[in-house]
Amino acid sequence: MEVGVLGASGYAGSELVRLLLDHPAVTAVRCFSSSHAGEPVGRSLPGLAGFDGRFEPWQEAALEGLDVVFTSLPAGEAVPILSAARAAGVAAVDVGSDLRLAAVDYPTWYGYDHPEPTLLQDAVYGLPELWEEAVRRARLVANPGCYPTAVLLALAPLAREGLLPASVQVSATSGHSGAGRTPRAASHLPAAVENVQPYAFPGHRHVPEMERYLARLAGRPVQVSFLPQLVPASRGILAAAFIPAPPGWTQAGVTDAYRSFYQARPFVRVLDDELPQTAWVRGSNRCDVAARLDPRTGTIACLAALDNLVKGAAGQAIQNMNLMVGLEEAAGLPRFAPAA
Amino acid sequence: MEVGVLGASGYAGSELVRLLLDHPAVTAVRCFSSSHAGEPVGRSLPGLAGFDGRFEPWQEAALEGLDVVFTSLPAGEAVPILSAARAAGVAAVDVGSDLRLAAVDYPTWYGYDHPEPTLLQDAVYGLPELWEEAVRRARLVANPGCYPTAVLLALAPLAREGLLPASVQVSATSGHSGAGRTPRAASHLPAAVENVQPYAFPGHRHVPEMERYLARLAGRPVQVSFLPQLVPASRGILAAAFIPAPPGWTQAGVTDAYRSFYQARPFVRVLDDELPQTAWVRGSNRCDVAARLDPRTGTIACLAALDNLVKGAAGQAIQNMNLMVGLEEAAGLPRFAPAA
Amino acid sequence: MEVGVLGASGYAGSELVRLLLDHPAVTAVRCFSSSHAGEPVGRSLPGLAGFDGRFEPWQEAALEGLDVVFTSLPAGEAVPILSAARAAGVAAVDVGSDLRLAAVDYPTWYGYDHPEPTLLQDAVYGLPELWEEAVRRARLVANPGCYPTAVLLALAPLAREGLLPASVQVSATSGHSGAGRTPRAASHLPAAVENVQPYAFPGHRHVPEMERYLARLAGRPVQVSFLPQLVPASRGILAAAFIPAPPGWTQAGVTDAYRSFYQARPFVRVLDDELPQTAWVRGSNRCDVAARLDPRTGTIACLAALDNLVKGAAGQAIQNMNLMVGLEEAAGLPRFAPAA
Amino acid sequence: MEVGVLGASGYAGSELVRLLLDHPAVTAVRCFSSSHAGEPVGRSLPGLAGFDGRFEPWQEAALEGLDVVFTSLPAGEAVPILSAARAAGVAAVDVGSDLRLAAVDYPTWYGYDHPEPTLLQDAVYGLPELWEEAVRRARLVANPGCYPTAVLLALAPLAREGLLPASVQVSATSGHSGAGRTPRAASHLPAAVENVQPYAFPGHRHVPEMERYLARLAGRPVQVSFLPQLVPASRGILAAAFIPAPPGWTQAGVTDAYRSFYQARPFVRVLDDELPQTAWVRGSNRCDVAARLDPRTGTIACLAALDNLVKGAAGQAIQNMNLMVGLEEAAGLPRFAPAA
């Protein structure tokens, strides 16, 4: 199987390349990057030294040789490629934001009209733990954002049961890799180390995505207030929401609901008597979730931890690819995290 | 003025020593430590090399020469010292947990009866931004916990206006120094770096302190669900709570309320159009707060950032001392944080 | 192929387990740990959750079912196991220090006589880039220390040419995982972050290993002064030595010598016009080396970067296993490092 | 005393401002910055919030009101200001590189001729531990570079005794703040955390400074090979050089030589039986040094640790100011480092 990655020089894109190079069903990985075209991949990405590929400039003709194309590009830039892939019948996963929302959301949250709304109708939201069957049948997948993946997995079992309030408050911490590879003041090490930086409240662009798919789970509108915070780490997201416990619920009941909801899902682990930590899933495609009841206040803390570049981006994109092409869901995906 | 610090070899205690050594009104700092008695202070604490003091074993007779005594000891251990200080008429600030709660809270949250409840009646809660006059008249001060300081300062303006709901949810991040100087698995660098670690939910011991003083502000009971999280940093707390905005409130109204509440307080800064960051207050006694309204959801994010060892411990203890002995509130306290 | 790991709960041991679980030729991984016997592996090592193994207490009878045994134990403790493996004809790799030195070194550097010196005679030093053929024929391998691996790979091309002076000075930085999983003051996050900590000078126990194998390469004695330094990271070693350039040598000549020395070695990369960085090899089994000439002073800086838990421990142990059992050298080993 | 800081928005400049604001003899601090002119200082530097100064554009007329001017500017840019200060008789300290070298060095190391070489003749090299008397008489001071300060203090006692070899090799680690406040790829947190990055070998611009002043101490030329390395921290330099021990020297003799050399210097501490760590001097103006003999190899490791923004920049500049204007050397300078 030959695959292509657009935006292969960024963090999500290069993580895709790294994982795809070791995928048992992938025979060739082509790397596209407008900014690095012509350069050996291992030059710009020394971690991939030993891989002898070069960045290529994108051209539509490349679709012919590809079985799957991944786009990891700034907002709006993937649209023409996805459109061409659809026309050519090539399976496509957009790791960016060009397929995740309804057409009506783009003017509000991105400041422009979506240039090709029919793509949105054809696209499937690629969170396999929630909508696996749709992904299996899809040719066009919207890979979820890193924060929405964590928030949706933390809340889905309650949402499906109709137990979410109409307005949900979420705080989350993230490593800096989520903000991309371009140096900027907030991620300059002397300013970022020994610092916790809340940002983008109100108005983070992942909010409409959370609201859209929580609503799909709940069967009615859900509003989200979302406070993201950068912590001095490269990777990892920890999302936390507090939900009022339904009357009569116990810790055992909550945990059972989560366990049965995620039964047999290879990449979600429900914790019993521990709280998730980002290091426990670092480098893996796993998301650890816990729902912990405070019996005194009747509040459930719903937590999820994942690696924003794996389960929150590249790993999930491959998980989607696996399902789309009929491979085993876990093929080529890292299951384990190191202890240090 | 001669002062003594018990538990001077710990993080809060040694920070007290460091700041007191440069305090303009302090002529001598005596350092007490049972575990390091006899040792030069600069040996165990190389940052204080150049200070020629030695750790002394505590004995009550030492009270005679002291104007103020600070206790920074494990739960329960300060009680006899505080009792002796009261008897001797020596001003005392307990940086630990032996004076913060009501007698009824100790069995529930600490598992023992408070051995001398009359101390609790005589003690004043030393959060000068909220109860300055009481501190000025006090001889026995309960220095607030690091998390409660942040949470109370983040919420006080709304609490005093009666705008808190009966149940409040708070998430907070903290550097590892808050957990003390003893090595332990959660703070072992390979496990702690690149990791966000929620812990002690439900049941963190700072909860009854938050509830007690929020209730005092609000004039009625307030329940707190509290999710603390360790992030890979040494210092800094960022606390966040979401509160429903009262109908008709605007961002300008919220900010005005905070500004007028904290007017003329030297150590609280109300942010306008930014969100607090822990690095901005690192090493200083300042607490930055912001209340940011999400107009779409009608939710206010109430945030506070402080340095857990300064405004959250040693600095606030000195601020209390200053008020108790009639000095200027800010005497000897660091106002500024470095840029890197 | 069934393999066993003793000391499987430590950092090197658990990294071995993690990598072996994804090794294509390994069908079963048995985990032995005296301190965690009986516990599910994924409980003590949450990164391995999903692996259903349990820690077993070691007993010699276990050797029967094993094709290869790895020992990752404190000094001296592997001797009886290695001895039993030899007797049983089971291939063994000691990741600790029980096979690396000559018998005469143990009293001097470890303070005891080696309890079974014939093991030392049978053991092969497992640095495949230097002594591959010996490893292929070995049944008992001494896996090199993390620092010696870096130092030997940095200096080997010059050493083999007879270009090392009789006394070599090396400084190196390391992440804290090299010091193991047990919490201790030097690795307590608040003391370790924002800190560079030189230690064990003079007298680090890796010195006799460096001297022994540099001498083997050089054909004459080499003395090493070695200054290790902990930096605030979990993983990574960067070793640096300054060597006087032979008269007439140019940068091109030095680089050519290194390139030709390491030609066709899958896990050593010689850098041309860059200096090695530890992040570029993080998580991979690669060692990046460079020899950079300062033409003004006639000094060559010889540098090597590796991941102390992979090429410096677990990865190299698997590389040795692969060669011992006739697999491809790179089987099951991570080639690439992530960009973030 | 009124002082001015040019380049006040950078890391060294803003650290100067922070320390000068608490200096007992300084009544006003004026902040000059071309890039931030007009802005409140506390806006661009939130750590200084509460200080009500604004950045001003520089104009020569400002010299009239100033007693001392500090320049912390890119190479070459301080020359006209220093020249004007000299003409106006205002004491000046250049924290940049415009006064440190001989005229002949600028074309070689900076690629341009020094525009006003008479400044170099009038300037005094401001390393008070070595040339205090010259500083006391100076009106124009070259504040040493951060690395040279560490290297010179580590080696001076041996250099003065004529014990340096003609060619010295130095490796050093540094936090990222030394490279300034402008975001760049090497200091982008995801690339910089968990990474050790050697750079600028050969050819770092601090080399001619080290060589010039080591030669001044030694009374003959000294060549330096210098390998700087960035480690994942904001602050701190640890410099290490290996020097052959003179025949017959013992550890006690080496330590005595260092102790007697630095006797009564308030900001240098000679360590006995420990090695310096950067955290032990963090935020203080102290430099810790040690010379540790490896008796087996006859090599002395000469080590120095300092905070690059304090003793390596702003603190040392104030120390120089103190001496120039006749204040106590330690006035207004932080003596202690925190324990966490």
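Letters A, B, C and D name the chains as they come in the text, with residue numbers starting at 1 for each one.
Everything that follows uses one rule, which is that a residue touches a chain if its C-beta (ideal position, glycine included) is under 8 Å from a C-beta of that chain, and two chains touch if they have at least 3 such contacts.
Just so it is clear, the structure is predicted and the values come from calculations on it, not from any experiment.
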item	value
Farthest-lying chain, centroid of Cα atoms versus that of chain A	D
Higher-contact pair (C-beta pairs counted), A-D versus C-D	C-D
Centroid distance [mean C-alpha coordinates] between chain D and chain B, Å	36
Averaged-CA centre spacing for the pair chain D and chain A, given as whole angstrom	46
Separation of mean Cα positions, chain D and chain C [Å, integer]	38
In chain B, residues with contacts to at least two other chains	11, 175, 177, 181, 190, 193-194, 232-235, 277, 279, 282, 339-340
Touching residues (chain side chain D, partner chain A) in the complex	11, 175-177, 181-185, 187-194, 232-235
In the complex, chain A residues that touch chain C	11, 14-15, 18, 21-22, 45-51, 177, 181, 193-194, 234-235, 266, 269, 274, 277, 279-284, 286, 288, 309, 335-340
Interfacial residue positions of chain D with respect to chain C in the complex	167, 169, 171, 173, 175, 190-191, 193-199, 201-203, 223-225, 227, 229, 231-236, 238, 240, 242, 275-279, 282, 292-299, 301, 303, 305, 339-340
